[in-house]
Every structure is written in C-alpha cells, then in structure tokens.
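Listed below are the structures to be examined.
Both complexes below contain subunit A, partnered by subunit B and then by subunit C.
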Partner chain A sequence: MIATLLTRVRYGAVIAIGVVVAVLPLLTGDRYLIGKVLVFVALNLIIVSGLALVFGFAGQISLGHAAFCGLGAYTTGFLVTTLDWPPLLGVVAAVLISGLGGLALALPSLRLKGHYLAMATLGFNEIMSVLFVEMDAVTGGNNGLSGIPYFSVAGARFDTPALNYWLVWGVAAVVLALAYNIVRGRPGRAMRALHGSEIGALASGVDTTRLKVQVFGLSAAFAGLAGALYAHSVGFVSPTTFSLETSVILVAMVVIGGSGSLAGPVMAAVVLTLVPYADALVPGLSADTVALMQDWEADVYGILMIGVIILAPGGLGRLLVSRRDRRVAEAGEAA
Partner chain B sequence: MSSDALLLVSGLHVGYGHVPVVRGVSLEVGTGEMVTLIGANGAGKSTLLKALAGLVRPSAGSVTLDGEDVTGAPPERLVRKGLALVPEGRMLFGPMTVAENLAVGAHTRRPRDPGVAEDRDRVCELFPVLAERADQSAATLSGGEQQMLAIGRALMSRPRILLLDEPSLGLAPRVIGAIFSALDRLRADGLGILLVEQDAKLALKHSDRGHVLRAGRIALGGSAEELIANDDVRLIYLGAWHGTE
Partner chain C sequence: MDSAELLQFAIAGLKSGSIYALVALGFSLVYGSTGIINFAQGEFFMLGGMLSVFFRDAGMPLPVAGVSAIVVTGLVGLAFERFLLRPRRDAGPLVLIIITIGGSMVIKSLARHAFGGNELSLPMFSSGASVMVAGAAVERQALWMWGLTALAVVALTVVHARTRFGRAMRACSLSHDAARLMGIDTAKVVMVSFGLAAALGALGGFVVTPLTQTSFDVGARIGLKGFAGAILGGLGNPLGAVVGGLALGLLESLSIAFISSTYKDAISLVVLLAMLFIRPQGLLGRASREKV
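Let's turn to the complex of A and B:
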C-alpha cells in the first residue's frame, strides 16, 4: 500500500518536473537561462547518467569524461564546419568515436582488478587536453573552433535558444530513460547479483568484465553525445572546457549523489551545475559573489565530496533511500 | 573410459598459486548418470568442482564437455554449453527476491526465450515452496529453501550436467530427503549429476558410481554398491563403526 503510494508519488513528481522543464521556454524569454544555464544542466545530466552507471556497476570512477565530451565536441565541430557534414552525421560520428574510445580505454584497464581505470582515464584526459591544443589543423589550437551551427536534421532547424533547449532536454530525457532501464533491467540485475555473491554470479554465467566494459563504453558515448550537443548549442569549442578539472567536477556530482541510485547523482548534477550560475536564478545576487563562487567551484565540490565520503558513504541517494525504507518499515509496524 | 561421456575429465591438476590441490584427477559422467565424489575435508573436492565450472583455471589436464574441449573455458561459456554449478555454501543473492535469483540463473539465455518460463515452471513444480516465496528475498529463506533455490537457479540455465557441492550441509533429514528425490527425478529426465557429499552413505545410495578423493588424487573408484561394500570406505566415510545396517 505505502510502497505503491510512494511509487505513484514518485511518478507524479517525475511527470510534474517534466512538464515544468518543457513549458519553461514559454514562460521566460531569458536567453541566458534558456540558451545556456539550463542547457548545461541537461548536458551534465547526460554525462552523469553514464558516470553513475560506471560508479554503480563497476565501482569505478572515471577522471576522463571531460575528455570524451571534448572528443565529441571537436568531432562534430570539425566535421560540420571544416568538412561541411550535416550536423546529424557529425553528432553520430561524435557518439561513435567517443564510445569506441571508451571501449579501447576500458578493455585493458578493467581486466585488471584495482583502480587502473581511474589512472588510465586521468592520463587520457591529460593527453587529450594537450592534443586539443596541439592538433591545430583539426581543433583550431588555443583559439578553438567557432561558427558551429545549431543542430538541424532533414530541414528541421533547432536554431533558436528555445528550440535548442527542447532538443537537448529531449535527448537528456531519452538518455535518462535508457540509463534507468539498464539499472532496472537485465544488466542491472546481473550487477546486483554480482554485489550479492561474486561466485554465485560467475557460476550463473554473468560475464562481469564484459558488463563493466560495455557500461564504460556506453558512458563514454553519452559524454561524446553531450559534448557534440554542447558544440551545437554554444557554437564554439575551446580546449580549456574539457580539462581534468571538469572531469573532477563531473565525478563529484556522482560521488555526492551516491552509488545506490540514479536519482541521487541526477539531483546532485542539477544542483551543482546551477551553483556557479546562481545569478541567473537568484535576482539581485551581486556579480562579485557569483565570480567568487565560480572561482572556488572545484574546491567546494572537492570538500563536499570528502564530506560525503566521511559522513554518508552511500551518497545523498542512499540517504534518501534509507530514510524512505525506514518510513515504510515504521508504517508497516504501526499497521 | 568411453569417449562419448557428457563430461570427461582427464589428468586434471588444479592449484592456488603454486600450491597444488587437485593432482591428476580423471573421471567421467554420462547422460542420466549420478556420480558421487567423497573425501575428507580439504581433499580438494570443491576445488575440483570450481575448476570444472571455470571459476579456477586448471594448470594441466583436460576437460571435455559433450565432445568439445573446454579446458580453461570461462564460466559463462560453460554455462552456455550446458554445465551448471550449485556452489558450496549456496552463494545466493541475498537481498534479491527468489524470482530474481532464478532470473539471474537464466542470464546466459535470450530474455524472450519461451524456454525460460518453462524452466521456471519446472523448477517451481520440483520445489513448490519457491513459487510460494517468489517475492521474498533469498536471505529470509530457511536453509533448506535456500538450497532448493540454489539448485533451482542452476537449473534455470537448462543444464545437461549439474555439479553440486554438499547440498545437504546443515539441513534436517526430511529436507535432505526432498532434495535427493528431486535429484532422482532430474536424473531420470537425463541430467548428468556430479555430486560432492559429506553424507556418503546417502549419496551413494542415490548414485550409479562413486570416487574417493584423497589429497587431490582419486584413491578409489567404482560402482556405488562396490564402494558401500568396501571396508575402507565403510570405516572412514560411512560410519560403519556405529554398526549401522
């Protein structure tokens, strides 16, 4: 009874949030909010969905997802501006290249036990940061690539901030649904089995290494997709966007959100993405305060991450789940 | 040894690091045949079963499954080829429901395979209590129910050969009886069974043949009747000093 009620409340909340997100561009014409800030929230949701799967499934963190994001952004940026490809093909190529890059990185490092993946991804991000600057002919070096058009497909142009907002949020919704299905479906069940008993899972024919590699490849493809949509949203890519610092901020969202759920990292991604853009949401906030918050962004997230690891190892998602379970249990006893 | 056996193990060596545990074991199990492996604690029985299921890599020797060499194959390939292990200590997925535990047992099969539902029905018919407890978490089951679930999970891959590691451990005689009669039925349907058991008398009564494993080697082998009649086996493994039978 209580459980189905809670499920209904949760579905209701998801639908309500969906409606608010969908009608927002009709209520406000704020180009900064609709054209940038909330698009960045959706893009980070796409990346964090994948990172949450990697954290929850493989128990690993990636310090290279900003680089996969950059790989996607530069791929479509180059193909569309320099080679005149249609944006759809540019985005598809971005997803494929980042996904394959993710598989190539995960395959050797996930075969070994331990935190080789974190090391490999850290090195990957540093190498890609250098390549984004040095491969001048493709990436435009320090100047980056500019003049990237809004996304369009078969005559449908997403060439206003509102249309682009709907496109990116639409993609984010699909990615979230996909991630949710993976957690709830066969792969998620196999991974919960692995956490229940590794021998039991292996004896049942669960190929754990393969599962982890696939999930990492998918998460890299998600990051590439987000990067490609970023390029088409802002029309410009530059190397500093995809630094190791960005990777750390992305991982912070997942760690703070927790490994137990998708909802935790999703909420953390929304809140932490909005913090540096508080001026767009809170009227009358002084520019100095906002600048200060942006300067200390990575540091604040680092401290938050440490705080969560010490005070609530399961993350915010776990905290919510256990609070809810407790409530259900108490209700059951009372009945 | 006939070469058309379902499972053919020949000269198998298995160890952990440089410590040899199984040292040159050869045995075979045919379709619809139940073979029991008895031996003292630490003789290497579980290690042998783990190696056959692909959980530990053998260092020498060969394993043939249905005529195909599967030495050193990973567990998922062996499960797909029709070999399933009911591990020592059951190794269930405690927080997951009975139904989910069974579903993971069918992990290697296509999700829409109609045979999966058939096999779930067959398992629930074999152990009706699992149907009653379908939505309960595995951790809340009794020991006997857990063992039934462990066997049911293994059956969900529709194996042709089943390896069982001490299924009777810690269970009441009535429950053990239910489990062994289920094994009898499975075997009558053509399943090959390799059984490791502490209760050697009970296991041999239900088996065609048996082997005694001593310090990683097969010390003795023969038909179940021969082993039950054998003086050494009676003395060491059948508790003959109690004057039973």
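Let's turn to the complex of A and C:
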C-alpha cells in the first residue's frame, strides 16, 4: 500500500520535473541559461546514463567518454560544414562512428578479466586529444571547427535557443527512457548478475563478454550523440573541450551518483554540471567566486569521488534507496 | 637511412624507453602485490620532476633536490596507500581503481595550484658535449638516465631476489591469503610497494626533466606509456616491465623514423590493444587460468 503510494509519488515527481523542464524556455528568455547551461546539463545526462550502465551494471570504468563525445562532435561538424551533409545524416554518422569506436576498443580490452578497459580508454582519450589537434585538414587543428549550423531535419529547423533546448532535452528524455528500460529488462538483469558474480552469470548462460562489449558500445554511441548535439547547439568545436579531464569528471559524476541505480548518477550529473555555471542560476554571484569554483572543480570532484567510494560506496543513489526502504520498513512496523 | 642515423633513432628510443621502464616497473610492483592498476602512477612521475624543480629553486643543490623529490614522492605513495586505499582494501579492484583515478585527479590539480601551469625545467646533470658512438651523438644526460635507471633496476632486483622483504613481496604476488597465513605482514608489503612505485616514477621524472621539461599535466600520458610497456613485458613481471618499457621506446622512435612523428603517441595505444588481443600475458609472461 505504502510502496505503491511511494511509486506513485515518484512517478509524480518525474512528471513534475518533466513539465518544469519543458516550460522553462517559455518563462525565461535568458540566452545563457536556455542556450548553453541547461543544454549542457541535458548533454551530460545523455553521456552519464550510458556511463552509468557501463559502471553500475557492467562493473567497468571508462576514461574515454569525452573523446567519444569529441569524435561525435567532429564527425558531424566536418560532414555538415565541409561536405555539406544534412545535419541529420551528420548526427547519425557521429553516433555510428562513436559506437563502432567503442566496440573496437572494448573488444580486446574486455576479453580479459581486470580493468584493462579503463587504461585503454585513457589511452584513447590521450590519442584523440592529439589527433583532434594534428589532423587539421579535418578538425581545423587548434582553431577547431566553427560555423556549424543548428540542427534541422526535412525543413524543420531548431534554430532558436528555445527550439534547440527542446530538441536536446527531448533526445535526453528518450535516452534516459532507453537506459531505464535496459536496466529494468532482461539485459539489466543479466548485467546485475554479472556485477554480482561474473562466474555465476556465466554459469547461468549469460554471455558476459558480449554483454559488456555491447553495453560499452552503446554508451560510446550515446556519448557520440551528445557530442554531435553539442556541435549543433554551440556551433563550434575545439580540441580542449574533449580532454581526459572532462572524461574523469564524467566518471566522477557516475561514481558520486552511485552504482546500481540510474537516479543517483542522473542527479549527480545535474548538480555537478551546474556548479561551474553557478552564475547562471544565482544572480549577483561575483565573477571571482565563479572563477575560483571553476579553478578548484577538479580537486573538489576528485575528493568527493574518493570520499564517496570510501565512506558511502553505494553513492548518492544508494543513500536515497536505503532511506526509502527504511521508511517503508518503519511504516510496516508501525502498522 | 644509413646505420648512423638508425643508431641515432635507437638511442632516442632507449632514452625515452628507460623512463617508460621506470614507470612500467612501478605498475608492475603495485600490480604484483595488489592485483590493481594504479592510475596515479603517472602523477608520481610528474611529482618527481615538479618537486625537484621546486627544491632546487628553494636553494638546494641539484643532487639533494633530486633525492628529496624522490623521497617525498615515495612518502606520498606510502600515504596514498595507507590513508586512501587501505580503508577499502577488502573491496573489489573496481573500488580501488576508482580511488587511484580520484587520487590522480587530485594530485594533478593540487600540483597545478602549488607549482603553477607553466613548463618547468632543470639544468643538465653534467655539462659538456655529447659523446660520439659510431657516428651517433649521445647526450650526457642520456648516460645519466641509463645509469640511474640501471642502478634502480639492479637494486630492486637484489632486494626482490635476495632479501627477506623481497621474498615477502614475491609471496604476496602469488597469493595474499597464503602469504598472510605464513606470517607475512601483507599490509606492509602493499604499502611499501606503493612507496617504491612512487619513488621509481619520481626518479624518472627527475632524470628526464633537464631534457624534456615538465609540467603538472604530464602524468597521464607517461602513465599510459608505462602501462603499455608493462603490458608488453607482461604485467606483474619486473624484468618484463623493463624490457617492455625499452621496447616501447624503440618502437616509438622507429615509428618516427619510418612513419611520422605525429602518430608517435598513438603507438602506445596500438601496442596496448594489440597485446591485449594477441598476447595478454606479455612477451615474457606465461598464460594463467582463472580458478573458481
């Protein structure tokens, strides 16, 4: 009884948040907030939901998702500006290339037990950072690519900040729903079994390597999608955006959010993405304060990440779940 | 390309290779005693270089500055294990690896706050013209690098093979539980292996800084290369780490000679993936099977 009530409250909360997110561009015309900051939140949600699958359900870490994101951004940027492809094809190509890149990296690394994938992805990020600068015929070198148009498909143009905001948040909602279904369904069960005991999962007929490779490929494709949408939202890509540091911050979001849940990483992604842009939310915050926060971002996230994994290994998500369970249990005893 | 030119490339390769070997040795020591990949290994290399510059600027003579940097970095390694990893030592490798990733992020950022974002350098250890060997020039600093690397490797081999502590390390790398049952203080072995790994990385950072300069963000890339070297030789095998590191340096240098310097950095990733795909136990390693 109380459990169903709580489920209903949770669905209510999700719907309420959805409505607020959807109507926000109607309430404020702030170009910085609608055109950039909240778009970045949605893009990070897309990447983090893929990373959460890799971490929480396949028990692996990726230090290369910023590079997959960059691969997607440069793919569509190059195809649309230099080769005059329509943006839809550019984005589709970005997703495919990133996904295939993910598979190519995961296949050798995940055949083995251990955490070789983490190092391979770190290497991938380092190499891509070099290539984004060096392959300047395609990537524009240090100057990057500019003049990337807003997304459009078959005459429908998303060419104002508000329209682009709705597009990106719409895609984020679809990706989140997809990730939620994967967690809830058969693949999610198989992944949880794998996380619990790999040998146990193998014995129960789960092809663990195949599953891990697939999950990783999907998460790389998500990152490529986010990168492609980033390129069309901002109109400009440059190599420094997709550094190893960005990858590590994305991992920090997932770790702080917690393994074994999607809600934890999602909340962590929202909060941690907003922190460096606090000036968009808190009026009157001085530029010095914001600069200081951005300067110490990596230290604070690193310390938070270590703190969470040492003191509260389940992360934010587990904390919420256990409190709810506790409440349910207490209510049961009272009755 | 004539033989003198080829020799010149080989010398350049062995120069960076000796640095990869030191970092690879650090990976191997930690992997041997804990079974985890230490993602902060590259940051220890960075600290070695940055701290030697810092101590020298504070007025210490160069050798004292270098030794101090190595000792301090070693202590950072000990503290890293003792205060960050040990509290969660019974958790799975994933948790420990995440701690090393978070640690590397913090060390790197703190180094930027403490030493600034600029490239820093040290003077050469000894002045004078390069030594000529069969038509190829060898910088005096390269001799220092090879000499000090060889010294560290020999010292470590002697400790590993001849001392009581070395036997404890070898026992830990075979089985932690068995070692503990035999009365070995495994926690101490793990802590010391972190300290040694950090000191080896710092030595690499100290000896290479006069040639390449250093900055707060060099750790990740050198970590990747050291790891590729360790995989090439067989992770957990100290001799393999040295051979693998040198081999990687040679491969990179030859790729500059025959392909292009742009893709030099990609070699380590290619080597890493190829080894994982074809021969994960490394060139010198033997295949192992997992038991239930």
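We take it that the second predicted complex is superposed on the first by the 328 of 335 C-alpha atoms of A that agree within 3 Å, B and C clash if a C-alpha of one lies under 4 Å from a C-alpha of the other, contacts with A are read in each partner's own complex, and residues count from 1 in each chain.
By our rule, a residue touches a chain if its C-beta (ideal position, glycine included) is under 8 Å from a C-beta of that chain, and two chains touch if they have at least 3 such contacts.
Source: prediction; values computed, not measured.
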{"item": "Which of subunit B and subunit C A:Ser204 touches, first, second, both or neither", "value": "first"}
{"item": "Residue contacts with subunit A in the superposition, subunit B compared against subunit C", "value": "C"}
{"item": "First (subunit B), second (subunit C), both or neither touched by A:Asp136", "value": "neither"}
{"item": "Partner chain in contact with A:Leu122 - subunit B first, subunit C second, else both or neither", "value": "second"}
{"item": "Contacts of A:Arg192 with subunit B and subunit C, given as first, second, both or neither", "value": "first"}
{"item": "Contacts of A:Arg111 with subunit B and subunit C, given as first, second, both or neither", "value": "second"}
{"item": "Subunit B versus subunit C as contact partner of A:Asp159, first or second or both or neither", "value": "neither"}
{"item": "Subunit B and subunit C contact sites that coincide on subunit A, given as residue numbers", "value": "199"}
{"item": "Footprint of subunit C on subunit A - complex, ascending", "value": "59-61, 63, 105, 107-109, 111-116, 118-120, 122-124, 126-127, 130-131, 134, 199, 244-245, 248, 251-252, 255, 295-296, 298-299, 301-303, 305-306, 309-310, 313"}
{"item": "Complex contacts: residues of subunit C adjacent to subunit A", "value": "36-37, 39, 84, 87-88, 91, 93-95, 97-99, 101-103, 105-106, 108-110, 113, 220-221, 223-224, 227-228, 231, 262, 265-266, 268-269, 272-274, 276-277, 280, 290, 292"}
{"item": "Subunit B-touching residues of subunit A, taken from the complex the two chains share", "value": "186, 189-190, 192-193, 196-197, 199-207"}
{"item": "Residues of subunit B touching subunit A in the complex", "value": "53-55, 74-76, 78-80, 84-85, 87, 90-96, 100-101, 103-105, 107-108, 111, 153-154, 157"}
